[in-house]
């Protein structure tokens, strides 16, 4: 079995299995915990709706914080969007999903995707540098933060090399690319990357908390 | 719907970009030949090029004064290009299938010269022939 | 035999083949071997002066496609010159002799050239029932072991002898194996392909004669000059790949426009062979040029690598079953973890709020 | 308005009170000896109980982006990364990871258990350098409720008997006497008598039934008599059916501030029961920031069932009255330029923003908003009981400077505050920084703008 056979076969399968197990495990584990419900009277009668409003409003920083945190919001936006654009709109990726799901969707020209991937990787590298240089980030950063960032970057790096036919042979790079994705999948549920399922609910929870008290935040 | 063939051809013509690289290599080699007399051979089959690119390459080298055809286990063509010292050598087999295409940067491609072994064999053959002639003369 | 003692040069001369023709052959051979054209004279010199090596060709579980490819009987070409350079002493399909006579010729060649002859094998070797493939009452594996014993090197022509090929594919009913699993003490050159490109074999032999050694091999025993680069890298359709222009089906506009066949399952990017450069049928075309993706026939296990029409980057084993199993296992773990978490939360509700003071401290307790 | 206390009297009282507050640490009884294992066990119990599905989700949502530091005035004032808000949750996260998290089976092998030393080190992070103002909650892209989780940390430390001496003194005192700063019933009655004398009408105390239960606090009884006096005068002016209670006059809740759950619930329950007893529709809590959440959000929790009465803070009650026309105020001829401080516990945590602004508008004052206002307001720098913690003084000053810088930018001549401890902290900060901007009670300002003739009726 070649490395590529391993990557396309057991590695991806195993990683996807672990990913699904981990995500369901954590999501269900969180949902089943006791949840404290307040007894005091609410100031607001549309908590669910307003909770969702907070979910949406937190996509951009409040004006008063703009000066200080816009950079990281924008950087976050760029690379998250870039990640999804590259993941979902690169031709070869869509072929992958088509193989998996049985249907595909329109894609972007390779030139656009390569540019987006380049920007995304650049932002990720910058964020890594920032995490090392910025005193606050350096102070609060743990192995989880660095590893998650690197594990997120790896598919970009290997993907670039595979696409550009740089570094090892194509099938080795493709295998490494798929393996790096497998690593990302395995790492996902057990690291801070889990925020993909917790972040929006967390906003909702805070939104309800504030709106309940008559604060539109 | 039928694709626009002209458009297809235009796109194919965009090619690999190797044509220009080869021309650069020829230029450098020719420069060396002029300065030091060092010869050089470029094996065109080792470089991927679209047929259109190859045509363009040959066209841009142009045609010179010499054009020779060698019949040796198939036809070979040796032509001097528009640039003296730059030769285009094409080997075909007995089925007239292309076997190799080379650009030689040299005053005279090796294949054109009569080969020592052939010369030796020819000398022997001619001597034998002369012997035969004189034998015939003696006999008459 | 007297003929075998002649050198190639003598034979060429005898047959009136000019030195120019020979030079032409050496030049094209050098270019096949990816040697600089300057190597042509050295090849010429070696081929001229060396004695012709004896070659024994063994056919096992095969389809004769490889022999056909090598010989291209209907089209004698410059390559046939190589048959002037070797002494093909045994080839079941080609030799005039038959039966005991044929076997005797082989035994004689082996005895005369002990330690020096080359063995070419096409076809895989069945290890199951010996009756699956026998020649003259001898099972393939016995023949191979016997013949290979005195060989200088073994050249495996075609994917079957090199990697097992189609007989080796699942479920491998004959227990077929490649030559390399049986012969481990001889140099082996694998020339895979289904069939392999004929020029590869002539070049390997030319190399062997010229340099007295086998050409540089990759980790799969293949000559690097032919198998060093993948088809994708030298494919004339490569620019379409770069631009993301893929044929979606075999009859769409993209296919007509000659776009990249990656999406239609082309294995070019992972197949190491010289098809895109040397091409087939005297350089006429190769599969991709004919409009079909590469099958990857010169790679090990090519038959078992999923559909020929599935893109390379798709998962081979991942499916809804995996996801369903994951959801189930995750649900079990999640329910367990949630239950355990609840128990811990409840444990936190039991017990006093404040830490009890050390008994003899005598401080006022106010919880 | 009847001047219940002169500026000079107030300054003298402040000096005396400040001296008393500064010596709280020495007044505190020696800390109780507790075995380290017991401390850890008690803290863990609090965490286990307090980390519910919501907190768990939020703990798992943090990506360590560091944005919260940019909202925190203690980080902004010191540039010390250890004050990054979310860092204050690391200890709690460890307990969560090991004990409750869905991954606890794995994390137990990776995450270190907490120790008593960890708890001691945590004191500075959740007491000295955090007022639970909640501003970080608003910048967090994940919407993590850091402030409430810091409150849970305070509870855990309280359970481990590791609260700062000053807060322990206050909490123990309130646990024992039900009041703070020794403002016992005698002092309460004495102050009410004095106010009554100055105001010239009878202050109803212990009426069996009333629509409104007015609560005061030890801080006002001792010091900010103008706030209490102003409130009473305005209620009287509006003709509200109100009463104070000699058994439930203390609105402060040092159970809440210190993290001591028992005291917190006990105090909240005491007020709630009193309100139910007098049949109050509304309980007005004094200009004391945390008294509002302690009762507004804590009464039902303390009783374990929903309560019928409303809880309003002074500014909210009178602001609503102004907004719906029940209270008319006189406009100043020459409008004063003022800035308004939204106390965190009343504003960001209580939703009271427009009411005080309506009052300022009604009296014709020109409000210059600080850059961060309403929900985004900066804390005074010493909330959540921190103004009493001596060792936190440098941090308080740093926080104060951040706040005051915004106020100075507005070019306001006066700062209006409706929170006693904010006011206290501003006064102390002013002394330390040499600032002179007057800080005035909103309740006193309302009273000062009551129409001269009895006109408006509730």
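In order of appearance the chains are A, B, C and D, and numbering begins at 1 in each one.
One rule holds for everything that comes next: a residue touches a chain if its C-beta (ideal position, glycine included) is under 8 Å from a C-beta of that chain, and two chains touch if they have at least 3 such contacts.
The model shown is predicted, which means the values in this text are computed figures rather than measured ones.
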item: Centrality ranking, top chain (CA atoms only); value: A
item: For chain B paired with chain D, centre-to-centre distance based on mean C-alpha positions, whole Å; value: 95
item: Cα-centroid distance, chain B relative to chain C, in whole angstrom; value: 34
item: Distance between chain centroids, defined by C-alpha means - chain A, chain B (Å); value: 59
item: Chain C and chain D: spacing of chain centres that average the CA atoms, whole Å; value: 79
item: Touching two or more other chains - residues of chain A; value: 25-26, 28-34
item: Per-residue overlap in chain D, given as positions that touch at least 2 other chains; value: 52, 56, 100-103
item: Interchain pairs in contact, sorted by label; value: A-C, A-D, B-C, C-D
item: Complex interface listing, chain C residues touching chain B; value: 9, 13, 17-21, 23-25, 27-28, 31, 34, 36-38, 75-79, 81, 234-236, 238-239, 253, 256-258, 276-278, 282-284
item: Of chain A, residues touching chain C in the complex; value: 1-2, 4-5, 8-10, 12-13, 16-34, 91-93, 95-96, 98-100, 107, 109-111, 113, 165, 169-171, 174, 178
item: Interfacial residue positions of chain B with respect to chain C in the complex; value: 1-3, 8, 11-12, 14-16, 41, 43, 45-46, 48, 50, 70, 72-74, 76, 91, 93-95, 97-100, 102, 110-111, 115-118, 121
item: Chain A-facing residues of chain D, complex; value: 52-54, 56-58, 60-67, 69-71, 75, 79, 81-82, 84, 86-87, 100-103, 106, 137-145, 148, 296-301, 304-307, 310, 347-352, 371-372, 375-376
item: Residue numbers on chain A that touch chain D, as the complex places them; value: 25-26, 28-36, 38-41, 43, 54-55, 58-59, 61-62, 64-65, 68-69, 72-73, 76, 134-142, 144-145, 190, 192, 194-195, 198-199, 201-207, 209-210, 213-217
